[in-house]
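Sharing a structure with you now.
Should a chain be cited, it is by its letter among A, B, C and D, assigned in written order, with residues numbered from 1 in that chain.
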Amino acid sequence: MIGKIFRLVSFGESHGSCIGGVIDGCPAGFQLDSEYVNLQLMRRSPGQSKIVSQRKEPDKVEFLSGIYNGLTTGTPIGFIVKNKDVKSSDYNNLKNVFRPSHADFTYKNKYGIRDFRGGGRSSARETVSRVVAGSIAQQLLKEIGVDICAYVSKVGSVKVIKHYKDLDLSQVDSNVVRCPDADKAKDMIKLISTMQESGDTIGGEIRCVVNGVPVGWGEPVFNKLHADIGHAMLSINAVKSFKYGFLDCDVSSSSGSVVNDVISDISGKTTSNYSGGIQGGISNGNDIYCDISFKPVSTIMKDQQSIDNLGNKILVKASGRHDSCVVPRAVPIVESMMSLVLLDHYLLSKLNVFE
Amino acid sequence: MIGKIFRLVSFGESHGSCIGGVIDGCPAGFQLDSEYVNLQLMRRSPGQSKIVSQRKEPDKVEFLSGIYNGLTTGTPIGFIVKNKDVKSSDYNNLKNVFRPSHADFTYKNKYGIRDFRGGGRSSARETVSRVVAGSIAQQLLKEIGVDICAYVSKVGSVKVIKHYKDLDLSQVDSNVVRCPDADKAKDMIKLISTMQESGDTIGGEIRCVVNGVPVGWGEPVFNKLHADIGHAMLSINAVKSFKYGFLDCDVSSSSGSVVNDVISDISGKTTSNYSGGIQGGISNGNDIYCDISFKPVSTIMKDQQSIDNLGNKILVKASGRHDSCVVPRAVPIVESMMSLVLLDHYLLSKLNVFE
Amino acid sequence: MIGKIFRLVSFGESHGSCIGGVIDGCPAGFQLDSEYVNLQLMRRSPGQSKIVSQRKEPDKVEFLSGIYNGLTTGTPIGFIVKNKDVKSSDYNNLKNVFRPSHADFTYKNKYGIRDFRGGGRSSARETVSRVVAGSIAQQLLKEIGVDICAYVSKVGSVKVIKHYKDLDLSQVDSNVVRCPDADKAKDMIKLISTMQESGDTIGGEIRCVVNGVPVGWGEPVFNKLHADIGHAMLSINAVKSFKYGFLDCDVSSSSGSVVNDVISDISGKTTSNYSGGIQGGISNGNDIYCDISFKPVSTIMKDQQSIDNLGNKILVKASGRHDSCVVPRAVPIVESMMSLVLLDHYLLSKLNVFE
Amino acid sequence: MIGKIFRLVSFGESHGSCIGGVIDGCPAGFQLDSEYVNLQLMRRSPGQSKIVSQRKEPDKVEFLSGIYNGLTTGTPIGFIVKNKDVKSSDYNNLKNVFRPSHADFTYKNKYGIRDFRGGGRSSARETVSRVVAGSIAQQLLKEIGVDICAYVSKVGSVKVIKHYKDLDLSQVDSNVVRCPDADKAKDMIKLISTMQESGDTIGGEIRCVVNGVPVGWGEPVFNKLHADIGHAMLSINAVKSFKYGFLDCDVSSSSGSVVNDVISDISGKTTSNYSGGIQGGISNGNDIYCDISFKPVSTIMKDQQSIDNLGNKILVKASGRHDSCVVPRAVPIVESMMSLVLLDHYLLSKLNVFE
């Protein structure tokens, strides 16, 4: 489960009948746009372009409860997204094999049993449920003036240099890699294609920018706003690091006299924003932004040394349909996780003061 | 509160009578070493060396419950650490002032009221309670073979290059900056002293290394082991980023064929450890390690522009006793947060399989 | 959500497409008997006999995840039970009406919106999800020697006098009212039929008896074992009271010298069992038993005064298919709630002692 | 821990240095009356009259954090109440003895260790922390128009017959037994004195009445308002049963045509109130009331058969200072638990509707 007030429980395996979840704690009376949910699912889906996995999944959400006449009723919203293009046979050769840098070994040892088909529960297909819940949260946030936008900021060594304010964020989807810097996008696509051809994979980074969060969201000790955001991002498959604030500068090399953000007026507006919109774990009214880095996909189209479940040395021959770089498809996932955390803290913030 | 089974609630303000907490969910029958708790508190305490804040706090824990004849009884462990060297008058001039990059503004706006004395609840003095609980967790973990060691790996641009395996981690406390690389330690101390003299502050990094975690700790979806560790680290004052695995290499520039960790035997031992000891959110039996970066302390000994609570432009004249670099004192805090998360997941892991 | 380790989230409305839920925290490696789940669902289902509601629901569970080759995998178990015999038109006349002693008024005022069809979320049809999860929990408990049996002990003024040890609990299902005392069962059935004919409804009681819980389950302060059981029972639709121990005697009229349970041997066996198997919130190894009373169903087949959503006085003309007495169908629900709580505390009890 | 938003963690043993707790989630800006807290503590304290335990405890609360200039700051409120009149020597003879119907046996078996002095954690002295937190919650509720009043409604077979509306609830403290019916109070006091003289103990009941809860508090499925109230009451030492609504009538013997509450106007006012102010788990704006029964105190001043920790049959000779009937002192505890639950649901109710 994730969330304290707006809570998501997810379920489902990559090659089971569906991925689904339950959203508990969604306030009543909100007019839900299921088309937006499907749009975000489409942005996450495989098969959408040449540079991603070729599994074909229409990925349309089916709501099972909690909505009446298009409005949320305050009761739990159950939903499923069916798995359609399942080719479990692709995985038969992996039944007793532990793939390098995969969760095969850890699941088997933790639970004594694992559903190996398509990676089972460890597959990033689980994030479908996050996108459903997150894109609902994103709609509620939009209604109160909060805008969330993620984009690919780095693939391999190809990195966007421009400040996010100097990019046209409406252009994120103008290319298949989801980078609003057209020149960099071209280089990224080229790099991913090269990796794809060579059967290799490459890491990347996503930047997420949030505009419109008012002062006062976030619990100041253990559940600092950025700690909860970091937690949510680190729970996405393949994420290895999280950083907020300190845009394109090295945190540990900075000195206080340079990076302190001067408050310029009573609204809390600061002249610089090294803080990344959060001070003491609480939003300060400025833009919130963060950087998330993803490792290269573990499944490569090359033979790899490993062991089987008896400990015998074996050669893993990759098969299945996979991404060479996850970041283009991870953009809506990042937006969704950000939305889940922010909506949760918006709701909590209603309880700050006795009145 | 932090933790699902082994849970800590903390309380207390910087200039209140004490900092304290309650640990709920500590298993019964463990022989507690309160001297180790006090040792970790001393490592965290101000006044311990020239390069840290000169506030003098003896910081001895007083246990109020949950321990009988030196053994934990399974009931909640209440504790306090008294605040002794409180000079609230140092802060009188800050009563109606919002200091740059501090939590003054956000607390005031979130709650409508704030205890400004010494930073109140937003002061890093709150981490005293984390060190008490964390150093208890660390003892339980040690008993089952888990060793946790943190050290300063970077201050400003002075960075330890050596692999942690090539350092003598027993030497972390051989110098006041808590860096086991003696040469780098000298440079770090010099840099901090220079910053101190100029009234400025500097950022830094801590690496935390864990040995002995068996395969199978960590919940595989939202509460991935590294997501919970990241959350705990990001909840420490001044932390801006968290990264695990990918030792000294750039995650997003890596390719799968290079960074996949080959499993070499049935124990799960891998030939490389880019994964940082965790795959699919579950520990794989190899070392867990991570990097945490801290921003420079916001309080500098220089005049700074800001506003007061009426929105008037003012000049903040710093006073009080502060650190020029937080990382030397943050080492036991990082170890404590790591311990809290790992012990919690150790306990959860007992419930993996029906038996 | 209910449960701390073995957790159930439920969703679904009476006249939506299905009732469903997610079980999170079920240990891996358990061989699940879905026929037992369906058996319990059948015992709960409408249309099973003449004395219950005539809505016809086959009520077969469909598992969507978390099970592989018949074994639990440790990952969330999603499930649905379809709603088939939905006659929402029966409820059209109730759209803007607040029925007496129903949740119509409170839902509308809490959420501003309500799905009135069949009672929506407030319908006892929601308990389908509890029976699915509870009957799984019951199976795990059975495997470790815990037997749970509920039966109807009172309908109106017809009350079973015999001690549960003097009844043959294998005969609970030998009659449609689920009372193992054949003579009383006849009287109960007769009474319910009489009420049915007159368009009225009647209250009842269920006793639940648990054998085989070892010493040591239950958290001793806020989550006392009986407090959690009481909470679970009180969350069932129509339940008004809960009592444990003090079999057929008046708690408040008792004196200590009479009702203290003498421990007769080191296993904790007591000569009497007024305690109901729990002392200080922790199981003591003796039988756990409790009594739950249900109010008469609010929907009667008689005209009733009420108001509509504009406040106008109106006459409610009942329609729809309803029970005249809920206790026969509530027997598996009570067993399920008991199972959910006990399994949760069994899992928690593994964490009592450090080892 | 109890509570979802307004949360209490308690700690402390009967003969430790203090009883204490932490309240997390109290909204900021509330002017706290610590005299009211002390008044409620005094009503709970031993030694207040001849009919209760003669242990003398001044029981004054010391707040350690979370309050500034008399106002809550929104940060955790730590507190302690010192144990002063501790006579652990009274308990030396009980070190290895399991008293009948006490928690001695269950604690020892659950945890392998127990602090036997004064009952340790299982002593009702723990409820001090509940009264501190509950009497704060009660103040916040009063501010929004909610009045909570508990009184002794039965001791042994002496039972108040009058409806609570026909009693002058301002007279609860006009006698030492806390019964507002003066005649019944006399009989109760006489009965308790008789039991006291004979070294025996007697059970009792408390009724709790709440006025002013608006429509819409309570979560409709697992955390129904009455389920949470029942849970809280059942977590009080010695409580065996909980019933809400159906004032002085037998739930299971009732028929729907008689006990359905007719809504008379748009405010939700009902002509009768069998529902006890809650329908479908949600408050309906009418009075909430419930009945809680307490068993007789297990410690009697008579020799009793039992076993020691080796299983040898022994004779327990009672000593220590104990109550002959707990209900007079339990009145503020019941009010406190009711307050904790209601305030929690008040806060949750702010999140019902999106706005």
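Operating definition for what follows: contacts are C-beta pairs under 8 Å (C-beta built on N, C-alpha and C of every residue); 3 or more make two chains touch, one makes a residue touch a chain.
Given the structure is predicted, the values throughout are model-derived calculations rather than measurements.
Compared with chain B, the chain whose C-alpha mean position is the greatest distance off is C. Looking at C-D and B-C side by side, the one with more C-beta contacts is C-D. Chain B and chain C, compared by their mean Cα positions, are separated by 46 Å. Note on chain placement: the centre of chain B and the centre of chain D lie 40 Å apart, centres being C-alpha means. The mean-CA centres of chain C and chain D are about 26 angstrom from one another, to the nearest whole unit. Multi-chain contact residues of chain A (touching two or more other chains): 1, 10, 28-29, 74-75, 110-112, 121, 220, 352-353. Of all residues in chain A, only 5, 25, 27-30, 72, 74-75, 140, 143, 220, 347, 350-355 touch chain D in the complex they form. By the touch rule above, chain A contacts chain C in their complex via residues 1, 7, 9-13, 16-18, 20-22, 24, 28-29, 64-66, 68-69, 71, 73-78, 80, 110-115, 120-121.
Those residues of chain D whose C-beta lies close enough to touch chain C in the complex are 1-2, 10, 98, 100-103, 105-107, 109-112, 121-122, 126, 154-157, 195, 200-205, 215-216, 218, 220-224, 226-228, 230-232, 234-235, 237, 240-246, 250-257, 259-266, 268, 270, 274-276, 278-284, 293-300, 302, 304-307, 310-311, 349, 352-353.
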